[in-house]
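Each of the next two complexes has chain A plus one more chain, namely chain B in the first and chain C in the second.
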Partner chain A sequence: MSVVNFIIENILTQASVTIALIAMLGLILQKKSTGQVISGSLKTMLGFMVLSAGSSIIVGSLVYFGHIFTEGFHMQGIIPSIEAINGQAMNELGLGRDIALTFLAIFVFNIIIARFTKWKYIFLTGQAILWMATMTTVFGYFAGLRGVALILVGGFIGGVFAVAMPAIAQPFVRKITGMDDIALGHFCTVGYVFEAGVAKLVGGKGEKKKSVEDLKLPAQFEFLQDTYLSLMVVMTPLYIITAAFAGEKFASTLSGDTNYLMFAFLQSIQFVVGVYVLLAGVRLLLGEIVPAFRGIAMRLVPNAIPALDCPVLFPFSPNAVIVGFITTTIGSIIAMFVLPVFGLAMILPGMLTAFFAGGTAGIFGNLTGGIRGAIIGGVVHGFFITLLPALLVTTFNSMGFVNATATDVDTVTAALLYAWLIGPLLKAF
Partner chain B sequence: MFGFGKKKPKEPKKETTEEVLLTVERKEELLRTISFKKAEVNQAAGEKQAKIYEEIGLAFNELGEEDHAIDSLEKSIQAKKSLGNGYKTLLKLYNKKRAEAAKVNNEELLQIYLKKMDQMMQVSKEVTRGVR
Partner chain C sequence: MKKVNILFVCGAGLGSSFACQMSAEDVLSKLGVNAKLDHSDISSAVSVKPDIIITAQNFKSQFEKFSVDPKQTTIVYLRNIVSKTEIEEKITPVLREKGVLA
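Let's turn to the complex of A and B:
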């Protein structure tokens, strides 16, 4: 009995060990060799530990940023970073094991729904499923769910999203790509469909509708070539300007012997380093689990339609990606200043979300409303994808998250489903 | 609800029609193009070589010779990444091969094509972001 207690109290409470054991079980079920089972399990555990290390670095930098922002602007400045939310939820909040199990449950529900309904979509973007698992677990926990219920409800909701989002996007994707055998698997679909709707309303109609693709635009974004460099391009001025507003007297209390502006610069780099380390951990963590899932899913669901990451659409409408990126950035900057007027937190713009979500949304806007639709729809989309995460800030704050909010709007929608529907229902009964 | 079932059965029919429509003359023309371009491709380099490989790949695809098409289109992307018709055709062919591998339960082949599709996403990201 004491051995069992020791295992439960000291081993299974360690999220990294539980996650490694889950991976081990998966590898054994796939009849992998002993060597593969051992290396796969260890890599998964290593991935979790690396992710934790990345999270600590991010939190350190965000705590600093929170202090200087509040001092400088007398309000809360929130950095939209799903990585920061995931890292804090898995480590500081101790939800790592539940998130990992929900992640697996989403896979299983995705397969079940695709196998037994006419919606044959299998969501192949593993990282996006991890973000979805993070949000359903965090908000399920906040709504009062625990243990198996937390995981099953999260798995079910995530699984429904994994099928429903590609299904909702498919009528548009079919028109964009001209084929029906590939789908879009990116948890920003609510925003894409929203932009398509706005563009349809305000965009060009009939003969007046001109496609962005008829224009000549510069085709490439050299400043966005590297994920981490483009993060730096945003974070560094943000930190330095904020430190300048906070003033030398206050900022120096945090920077020790280092000059306060230099310290702000180094802290902004620390944030980028944190994201770099965290994502390296995510890759290690998912490296073993995701291919196994995909193999099982594809074999269990005959005629599966793979839902791929958003770059799948870029080749079909490259100009719309540029227009979408620029207009979404403008929309999120407008929202940054407008939302605090209505008592919401200030959400700082995120370059990468604006590029991937904005770029893809631009394709949808151009499809339904041509140039006019893509431009107006893009700005409204930028506002929309900033507004939704702003609605979560109060909940994140009350749970102890530091100065961050989620990005991908489908995961935010799932979170709002918990906050506005499931939570109140649970409390009512 | 989302318009499923309506268009799905139509598309395979369309593809079959396209294959049937390939006349003897067109087939000969494509074969001539392939042999002519193959002679040309080794003397070219970089972007030009990529373009020729793409043309060869698209011709093979029209002939229904998928493996040869994949081979040429892969060489095109290796020579110079781009997001033209070659890219779109290659992604479509990978997806087709992935579905075939799943049907015959060939896990190894399935993983190979899933990985290749992942790499295509990376190519799309890189070209759009201007990585050379």
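Let's turn to the complex of A and C:
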């Protein structure tokens, strides 16, 4: 018994070990050589620990930002960052093991659903599944689910989303790419379809509908495609202006011997460092798991269509990506000022999601409504993807998350499902 | 036969570069080419100095601003980054040039 207890108490409670074991299972099922199995499992474990390290950097920077923001504007500013939510849930709340197992369960449910229904989508965007697993675990835990039930419910809901979202997006993706070989696997799909709908309503029709791709955009915007660079361009003024509002007297108490504005500048870069490290960890983490899963799934599901990350669509419509990014950012800035009027939290523009989700939404908007559709639809999309996470802030705060809320509207939708439906149902019985 | 170093690049170095890498892996094993594959973000890509960089068409103007030594690194731009046909078509002449494909 003591051996079993040791395994449960010391090995499976370590999330990094759990996830390494999942990778090991995938590699063994793939019949890889012993050397490959060992190196793959170790790399996965390394990835997880790098991810945790990145998360502590982000949290450190966010705590500082929270202080100066509260002082400067006398209200709480929330940074939407699914990476920060994931990091905090894994480390501070100790849900890492449950998230890792839910991650595996979503994979399994995805294969089962794709195998037995007519929707043959296999969701291969590993980080999106990780964020989905994070949200179902956090909100399932909050709704009162524990252990196996927590993992199975999360796996089922995540698995349904993993098939349903690519299926909803596919009519559009088919038109964008001109083929049916790939699908879109990115949990911001509700927002994309929303923008496509808005663009259809307000956009140019018939003769008047002009594609953004016929325009020549100024070359100065192209650097925005460099994710980390564009993140810095936005975070730096955000931190410095906030520090200026907080005032030298207050901000200096946090900055030690460094000048308070210089310190704010360094902290803003530190935030990007955290995101960079965290995503480098995710890259290591998924490097072994995703190909293993792909190999298994493609064998089990005949005619499977791989659902891939959103930038796969970017080369098909590069101008729409830039237009979508800018308009979504504008929409989320408008929402930042409007939402507090209605008693909701002030959500700062989340640049990672504004770029990836905004860019993809721009492609959808341009497809259904041309330039006019992409611009108006983009602004409305920005508002929409800020509104949904705002609804989660109270719950996140009561769970002890620091100044952060989730992004990726599909994961937020799943979370709302828990908060509004599953939670109350569980409490009723 | 010598091993060729190929780097796949996208904005964050996470999703689409990885998807592209997986597609290319199938193509390369079909061609029987022994290659070391990795993916990364555009900011760090230039410092890696691989034999071949494979990336999406929309990054072309940015790569043109970087100082990439064309003798050392050949850059391949794709419109559909997961299309095996396009990858094979564009990568075959490059592999010949690098002397890893007969």
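Note that in this section the second predicted complex is superposed on the first by the 420 of 429 C-alpha atoms of A that agree within 3 Å, B and C clash if a C-alpha of one lies under 4 Å from a C-alpha of the other, contacts with A are read in each partner's own complex, and residues count from 1 in each chain.
As a working rule, contacts are C-beta pairs under 8 Å (C-beta built on N, C-alpha and C of every residue); 3 or more make two chains touch, one makes a residue touch a chain.
Just so you know, these numbers come straight off a predicted model, no measurement behind them.
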(message) Quick check on the superposition: with chain A as the shared anchor, is it clash or fit for chain B versus chain C?
(response) clash
(message) Which partner chains sit in contact with A:Gln170 here, chain B, chain C, both or neither? Use first/second/both/neither.
(response) first
(request) For A:Leu286, select first, second, both or neither according to whether it touches chain B, chain C, the two together, or no partner. (result) second
(request) Please indicate which partner A:Leu229 is in contact with in the superposed arrangement: first for chain B, second for chain C, both, or neither. (result) second
(request) Look at A:Phe314 in the shared chain and tell me whether it touches chain B only, chain C only, both, or neither; answer first, second, both or neither. (result) both
(message) Once chain A of both complexes is superposed, is A:Ile269 in touch with chain B (first), chain C (second), both, or neither?
(response) neither
(message) Quick check for you: in the superposed arrangement, does A:Gln127 touch first (chain B), second (chain C), both or neither?
(response) second
(request) Pick one for A:Arg299: touches chain B only (first), chain C only (second), both, or neither. (result) first
(message) Looking at A:Lys118, would you say it contacts chain B, chain C, both, or neither? Reply first, second, both or neither.
(response) first
(message) Is A:Leu261 touching anything from chain B or chain C once the two structures are fitted on A? First, second, both or neither.
(response) neither
(message) After superposing on chain A, which of these stretches of chain B ends up overlapping chain C: 4-12, 22-30, 58-66 or 76-84?
(response) 76-84
(message) Per the definitions at the top, what is the overlap between the chain A residues touching chain B and those touching chain C?
(response) 124, 177, 181-182, 219, 222, 225, 291, 294, 306, 308-309, 311-312, 314-316, 318, 321, 355
(message) Please output the residues of chain C touching chain A within their complex, sorted ascending.
(response) 10-16, 18-19, 22, 25, 39, 41-43, 56-59, 61-62, 78-83
(request) Over in the complex, which chain A residues touch chain C? Could you list them? (result) 124-125, 127, 177, 181-182, 186, 219, 222-223, 225-229, 279, 282-283, 286-287, 290-291, 294, 306, 308-312, 314-316, 318, 321, 352, 355-356
(request) In the complex, go through chain A and note every residue touching chain B. (result) 118-119, 124, 167-168, 170-171, 174, 177, 179-182, 219-222, 224-225, 291, 294-295, 298-299, 302-304, 306, 308-309, 311-312, 314-316, 318, 321, 355, 359
(message) Give the list of chain B residues in touch with chain A in this complex.
(response) 2-5, 7-8, 11, 83-84, 87-88, 91-92, 95-96, 98-99, 102-103, 105, 107, 110-111, 114-115, 117, 120-122, 124-125, 127-131
